[in-house]
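Next up, some structures in C-alpha cells.
Look at the two complexes coming up: chain A is in both, with chain B in one and chain C in the other.
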Partner chain A sequence: MFIQKRTGLIIAGLLLVALVAVACAPAAAPTLAPTAAATTAATTAATTAPTTAATTAATTAATTAATTAPTTSATSASAGAPTTAATTANLSGQHVSVLGVWGSSELTAFQKVYGVWEKQTGGVVDWQGTRDLTAVLTTRVQGGNPPDIAILPNPALMQQLASQGHLIALDSFMNMNQVKTDYAPAWINLGSYQNKLYAIFYRAANKETVWYNPQAFTAGGYTVPKTWTEWMALANKMVADGKTPFSIAAENGAASGWPLTDWMSEIVLNNCGPTVYDQWVTHTIPWTDACIKQSFQLFGTILGTKGYVLGGGQGVDATNFVNGTYPMYTNPPTAYMDYLGSFAQGFITAQYPKLQAVTGYNFFPFPTINSQYAGSVTIGADVLVMMHDTPAVRSFMTYLAGAPAQETWAKLGGFIAVNRSVPLSAYPDPISKAVAQDLYTAKVSRFGAGDVMPAAMQQAWWKQMLLFAQNPSQVDATLNSLENSAKSIYK
Partner chain B sequence: MSDSTTHPQMKVRPEARPAQPAAREEEHPRLDAARLVHVLLQAPLNIIVVAVSLLWLLPTAGLLVSSFRPAQAISQSGWWTALVPPYHFVLDNYIQVLTANGMGQGFINSLIITIPGTILPILIGSFAAYGFAWMNFPGRDWIFIVVVGLLVVPIQMTLIPILQLYNTLHLTGTFPGVWLAHTAYGLPLAVYLLRNFFQSLPKDLFESARLDGATERQIFFRIVIPLSVPALASLTIFQFLWVWNDLLVALIYLGGDPRVAPMTVTVSNLVNSYGSNYQVLTAAAFISMLLPLVVFFSLQQYFARGLLAGSIKG
Partner chain C sequence: MFQRRRSLTSWLWVGPALLILAGYLVYPVIVTVYESLMNSSLSRFVGLDNYIWAFTTESPLLALRNNLFWIIVGTTATVGFGLVFAVLADRVRFESAAKAAIFMPMAISFVGAGVIWKFMYDWQPPGIPQIGLLNAMLSTIGGWAAANHVVLLWIGAIAGVVALVTFLIALVRVRTFLLSALAIIIFPLAILGVGWLASAVQAVSEITPSDLALLVVVIQLVLALAAVVSFIYAMMHDTWGQISIVGAVIAALCLGLLYLASFQPVTWLQNETTNNWALVAVYVWIWTGFCLVVLSAALKGVDAEILEASRVDGANEFQVFAQVLVPMISTTILVVATTMIINILKVFDVVYVMTSGNFNTDVIANALYFQAFHFEDFGRGAALAVILLAAVVPVMLFNIRRFREEEGMR
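On to the complex of A and B.
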C-alpha cells in the first residue's frame, strides 16, 4: 500500500516534469527557427488544407481574372448591396476575426462600420485589439494561428508577409475593375506583391499638414508661408518678436522618433522629387546622396537654429508627440506651428473641444521647397490583409474595401478614406474635407519613407533622428551611420 | 518591525520591579534615558524605512491623483499641481472604464482564467515539491535542477512552439489552454519555493509520523500542508497577481477574442492607436487592482504567523 502510493506520487512528479519540459523544451532552441517554422507548416497542414487549396485555386483563377469577376463581382459602392443580400443565408453565425491596433473612439467607429455588415449578412466580427500588433501577429503567424484579417500599420510588414506566403491574394475574388475605380494606381501598386493584389489601404493620413492657430497668426501679423524661403523668413520674424515658431515633439515610447522621420520624408519628397525619393527608400542611392544630405541640412537648420524649436533638442526628444500639438492653442501660445499628419486634428479637438475648425485651428500645406515638385504629399495608411479564405472573410473584406463602409467611418470623423469613390460631402468638418481633397488631388503622393523601408531600417532611422535632434550640425555623421545600417539591412 | 523588537524589552523591566521597590525612583530616569537612546538609535532606520516606503508609493499616489483628474488637465500639468486649490476632481475616467463595452465580460473572463490558473500550479507544485523534498527516487536532484533551470527560460521563447502545439490540440482560444499555459509557467517557481520550504520542516516530524503508521498521503495533507500555509499563501498571491495582470499570454493563446478575453485585453482596447485617451488607464489600473488587493489582505494574516508555531509541542 505504502509503496504503491509512493510510486504513484513519483509517477505524478515525473509526468509533471515531462509536461513542463515538453512545454518549454522547443523554445530552448530559438536558433532553430526555420526548422520550427517548417514543422508548423507540417503540423498545421491538416487544418489549413482547405485554405491552401483555396489559395492555389485562387491563384490559378487569378490568371483568368475575367472569369472570376462575375462570380464575386460584389465589390463596392454600387454593387455592394446585392452581393451581401445574396450571401445573407450562408454567413449567419460565421465568425471573422480581425486583429488591429485601434482602440477607444477608433474602435467604437469601426464597430459601427462592421455592425452594418453583421446586420446585412448575419456574420459575426470578433475584434482582437493590441497595440503591439507586429509582435503579436508575428507570433501568431509563426504559431500557425493567424487572424482572418489583420490591419497592419505599414506596407513593409505586408510585403514581408506576402513574400512568406501568409496572405491571400485579393484579386482572386474581388472585382478588380471596381478596385481600380475606387483606388488610385499608386495604392494598388503599394498593395501588390509580384503583380497580385494582397492589401487594401483603409484609413489614410495626409502628412503634408502644418498645424497653426489662425487667431494667433492674425494677432502677430503673420501670413501663411507658401515656400520654404517664406517659411524661414516667417520663423525669423517670430524669433525677432520674441516668440518660438516651432513645436516639434518626437517621444512615443519604443517608437520615439517617427515624427522626425515624417518630417524628413516630407522634406526629401518636396526637395528631391519622387524619383530620388523612390531610389532612397529602396536604397538604390546611398543615404549620403547629395540631395538627401541637403534635405537633412534643411531640417538641421530648423532643429539647430537658436530659438526656433520649443524646448530645443531636449524638448523635441522628451515631449510626447500628442502633447506637441497643444502649445499653439494656449493663451498666449508658446509655439506657433506644428508639423504632424492629419491625425493631429483628433488630438487638438480632444484637448480643446471648443476650438472652431478653420478659425480656431487650421493647417497649411507643407511649403514648397523645389517649385518643380510643388504639391508633393507624403501619406500613411492602415493596411488590410486577409489571412484565411472563407466566404465570410471574403464578404467582409469586400465590404471594407467598398465605398459605403469607408463613408460610414468618414462621417463619424477621424477618418480619411483611401477609396476615392467616397464623396467629399461625407466628411463632417471643413478641415477633414480639405485634408481628403488634398490627398485625392495631390500631384505626387508617396507613402511615408519609414513605413516602406524594412522594419530594422525604420527603427535605426528613428534612433538616429533622436540623436540628430540633439546634434543637428552632425549631418555627415548621422548619414554615415544610417548608410552603415542600410548596408547590413538591405541585401 | 520596530514594534516587535522593542516590546520584549519593555515587558522584562516591569517584572524586575517588585524585587527592588526602593530603586524604583532611581531607575525611572534611567529607563527613560535608555528608551531615549534606543529611540535615537532606531531613528535613522525608521526614517530610512519610511522614506523608502514613501518613495515607492509616490508613483502609485500620482496615478491615483491622475485618475481623478480630467483628461485635459493630465496632459497640461503634473499630478502634484492638483493637490493645491482650486481642486478639480472628476469621476469621468472611472465612468468611462466601467461603462466600456465588454468590461463586465472581461472581469468574469479574468476570474475564470485566474482562479484555476492560481490553484492548479500551486496544487501540482506542492505535490511535486513534496516528492523532491521528502521522497527518494533515482535522479531526484537532477530532475529538480532541470525544474529550477526552467525558471530562466523567458516566456516569450515558449510562445510559438506552444501555440503550434495548441493548434494541433485545438486548445487555442479556449480557457483550458490558458489554464495549462499559466500552470506550466507558474510551476517552476512554485516547485522551487515549496520544495525549499518543505525541506526546512524538521525531519523528526516525518520520522514520528511514519512511526505512527502515517501514509505519504496522510503526511502530506495532515502535516505538510497545514504547516506550509504561510508559504502557500505567499505563492498564491504571486501567482494570482501574475495571472490577473497578464496580457501577453491571453493575447497569444486566446487571441483577444472578446468572448474569452480577460480584463487586461479589454482595458488595452480603451487606448487608441496613437496612445491618446491613455488617462482612462489610470482609472482602469485602480479598478483592476481592487480584486488583487482583496486577495492580498485576506491572505496577509498568514505571513505574520510564525512558520512553525506550535508544530512540535507536546
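On to the complex of A and C.
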C-alpha cells in the first residue's frame, strides 16, 4: 500500500516535469531555429519545414543542384554579368527558406535556377512546397515563423501581407534603376504598397491562349476563328461533324474552379473592356451589371449547349485541369480546343514529348468579342516577397529578380519572364516566344480578376462557377448569389 | 493528517491533467469565444455581427444544413449497420474474422480514406476506360447487359410470367393472402377516394392545394407500405407465393440490368444528388466497425437464457431482436449514437480531401477552416467554431449524464 502511494507520487512528479518541458518547447523553438540553420541542412529542414514533402524536396534539391550546376552556371556566365555584386558574395552555409506551390517539372526548373546561385555564393536554399499556400503561410506568419521568401500566386495576398507589415521593402537594398530598366512601370505599381516596392513579379502567364491540335484542324477542314461569332460557328460545325469542340476542366483540389474564373475574366475583359473590368474587380459595379451578365450568358452558352463540352458540365467539374489539356492530342482527338493559360504548354509537352511546337500543338489568341477591345489579354504572375532581412536573403532575392536567373528558366521552357531584359531569343520554341511577345505588346492587359479580388471573394466565385458549370442557364441566380457574397466580403 | 496527505496525493495525481486541460482546452475555448466577437483581423469589437452573418448568409447556412444531413444519415447508418452486423456476426463461426474485416477501415486515416475513395468515385468521360471502381463496375455490367440484352429480355419475361401465374395460384390458395391482395386492389381505389375527398374538402375550406397534396402523398405512402408488407408476409407462407417472389426478384434483376445497359458514368462527387451521400458513405465505411465492436461487446453481456426464454414463448427471430435484444442494450446504443453524433458534427477531413466543400457539400468545420486560414477572417472562423462547440456540448452533456446514471446503478 505504502509503496503504491510512493510510486504514484513519483509518476506525478515525472508528469509535472514532462508538462514543464512541453510548455517550454514552443518558446524555445524560434530561438533554436537560427542556430540550427547555421549548422546543418538536415536539421533546418526538420525545424523550419515540418512536412515530409519538404524534407524530401530539400534532399532532391541538393542532388539536382549537384548534377546540373556545371551546365547551368556555364550558360548564365555566357548570358552576362549578374545584376549586382551581391550575388558573388561569400554566403557559405547560410540558408534561405522558400515557400511556394511549385511541384514536378516546375520545381525541377526552379531547382536549376537556384542551383546556380548556390554554386556562386555557397548559400543553401531550403524549399518548402505546398498546394495549400495561403493556409500554410497564414499559419506560419501568425505563429511568428514566416519563411524567408514566399512565392505567392496572386497580388491580392501580397497587398494584404504588406498592409499588415509582414513584408520587407525591396527598395531598401535593391538597385532601383536596374529594377526600373528590368520591369515595366505597371508591374512595379502592382508590386508596390504605399509607394514602396514589396514584390517582384516573377513568372508570368499569358491567359489569352486557346490550345488546339493543328493537324486535327487540318484533317477536319477547320480554320482558326478570329471572332466570337466565328468561334461559335466553328463549334457548331464540329458538333455537326459528330465531334466535341471544347475541353474544359476545373478540378484542382481546394482551388477547384479557377480555370472557369479565368474563362470569365477573359470574356469580361474582351466583352466589356478595361474600365468595366476594373470597376467589376473592385466591386464598384455589382455582379448583376448588364455587361457582366451578358458575359456570363456567353460562357453559359458554351457550357450549356449540348455536345459542346467534353463530358458536359459535370465532366468540367470532375476533370483535373492538367488532364483537360490532353484530349486534343489523342488519336482520334476526343475534343478540339482547350482554353487555359500559357503554362498549359508545359503540361502538353510533359505528356506528349514527341509533339512538335506549332505543327503538333499550337494556340490561337482568344477570339475578339467586341472589336473595340480586340487584343485584350488577362495575365497571371507569381509574386516574390521577402519576409526576413539577412544578407543571404537579399542576395537570393536580387539574383531571382535579375535577368540571368529568369533567362535560365526561360531556356528550360514553361517560363514567361516578367523581366523585360530577358531577350526573346532565350525562349526555346516558337510558341513560348509568341506567348511572351503577345504579352509584351498587348494593347490592354489586366491581371486575372480572381487574383486581385479578396481571397474570400475569389473562393466564393470559384465555388459558384463550379455550380454554374452544372447549371449554366441559372445566370441570374448565380450573379445574385455572387453579389450577396460580395456585399459581405468587400466591407 | 492521513486525510490531508491523501488529498494532497490526489491533487498531485489530477494536477497535470488539469493543467493540460486548462492550457490546451479551457484557454483556447475562452479565446475563441472572445475572438468570435471581433472583426476579421481581431482588431475591433463587432458584437454579434459574425453570428448574424453565420445565420443569415447562404454559404454558412448551407454548411449547417449539410451537417444536419450528415448527423441524420451518418448516425443512422453507422449505428444501424453496426447493430445489424453485431447481431449477425454473433451467429457465425468466423465471428472475429468478420468483425476484424469491418473494423479494419478504422486503422486508416481519414485523409487516406478520402484519397482512396476519391479513386473509387473517379469519373472519366464516356467512351474512355473508367478508372474509378464504381463507374468501372457499373459500366462493365452495363456493357455486358447491353451485349446480352436479348437473353436478359427472355429470362426476365419468363420469370415475370412465372411470377404472375404463381401469384394467381397463391391468390386462390391462401385466404389471409387474399386479404392483402385485397389491400393492393383497395390501394389505388383509396388514392382515388382521398383525391376525391381532398377536392371536396378544398371546395368548402381554406386549406391550400399544396397542403392537401402533401396529405394525400403521406396517406398513399402509409397505405402502400402496409400493403407491401402484408403482401410479402403472406406470400412467404405459401410455396406458390415463394416461387412468385423468386420469379419477381429475377424479373426485377433482369430489368435492372437492362436499365444499366444504357449506363453513363456518374460524377459521384460533383453531382449534387449523389455527392453528400457519397461522402457520408466514406464516413460510414470508416466508423461502422467502431459501432460494431462496442455493440457486439454489449450483446455478449445479454444473458442467453432470456433470449432462449423468449423463443420458447414463441417469439420469432425478428421479435427477439426488436423486442428483447435491442431494449436490453439500449443504453449502449444511445452511448454509441451520441458518440457518433459528436464525431460527425466535427467532420472535416473527408470533405476537405474529397470535395473541399464544393458542389454544395460544405460542412461547418470546413467552412471554419476556409474562413480562418484562407480568407484570414478570424472573427467569422471563430464564430463558426463556437457554433460547432455549442452544437456538440448538449450531446456531450447528455452522454456524461447517461454515463453517471449508469455508474450510479452499479
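FYI, the second predicted complex is superposed on the first by the 403 of 491 C-alpha atoms of A that agree within 3 Å, B and C clash if a C-alpha of one lies under 4 Å from a C-alpha of the other, contacts with A are read in each partner's own complex, and residues count from 1 in each chain.
Just so we're on the same page, a residue touches a chain if its C-beta (ideal position, glycine included) is under 8 Å from a C-beta of that chain, and two chains touch if they have at least 3 such contacts.
Keep in mind the model is a prediction, meaning the values are calculated, not measured.
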Original post:
If you stack the two complexes on chain A, which partner ends up touching A:357: first (chain B), second (chain C), both, or neither?
Top reply: neither
Original post:
Can A:485 be said to touch chain B (first), chain C (second), both, or neither?
Top reply: second
Original post:
After lining up the shared chain so the two structures overlap, which partner does A:144 touch, if you call chain B first and chain C second: first, second, both or neither?
Top reply: first
**OP:** Look at A:310 in the shared chain and tell me whether it touches chain B only, chain C only, both, or neither; answer first, second, both or neither.
**Re:** second
Original post:
With the two structures laid over each other on chain A, which partner does A:127 touch: chain B (first), chain C (second), both, or neither?
Top reply: first
**OP:** Please tell me which partner, chain B or chain C, touches more residues of chain A.
**Re:** B
**OP:** Applying the touch criterion given at the start, work out whether A:116 contacts chain B, chain C, both or neither, answering first, second, both or neither.
**Re:** neither
**OP:** Using the superposition on chain A described above, determine whether A:186 touches chain B (first), chain C (second), both, or neither.
**Re:** neither
**OP:** Answer with first, second, both or neither: which of chain B and chain C does A:107 touch in the superposed model?
**Re:** first
Original post:
Between chain B (first) and chain C (second), which, if any, makes contact with A:444: first, second, both or neither?
Top reply: neither
Subject >> Contact residues of chain A, present in both the chain B and the chain C interface >> reply: 5, 9, 12-13, 16, 19, 23, 139, 253
Subject >> Contact set on chain B toward chain A in their complex >> reply: 71-72, 75-76, 101, 124, 127-128, 130-132, 135, 137, 143, 146-147, 150, 153, 157-168, 172, 184, 187-188, 215-217, 251-252, 255-259, 261, 265, 268-277, 280
Original post:
Tell me, which parts of chain A touch chain C in their complex?
Top reply: 5, 8-9, 12-13, 15-16, 18-19, 23, 134-135, 138-139, 160, 164, 253-254, 256-257, 310-311, 314-315, 317-319, 334, 454-456, 459-460, 462-463, 466-467, 470, 481, 484-485, 488, 491
Original post:
In the complex formed with chain A, which residues of chain C make contact?
Top reply: 9, 12-13, 15-16, 19-20, 23, 40-41, 53, 57-59, 123, 125-128, 267, 269-272, 352, 356-360, 369-371, 373-377
Original post:
Mind pulling up the chain A residues that touch chain B in the complex?
Top reply: 1-2, 5-6, 9-10, 12-14, 16-17, 19-21, 23-24, 26-28, 30, 36, 39-40, 43-44, 47, 97, 99, 101-108, 111, 126-131, 136, 139-140, 142-145, 147, 153, 252-253, 320-323, 326, 343, 346-347, 350-352
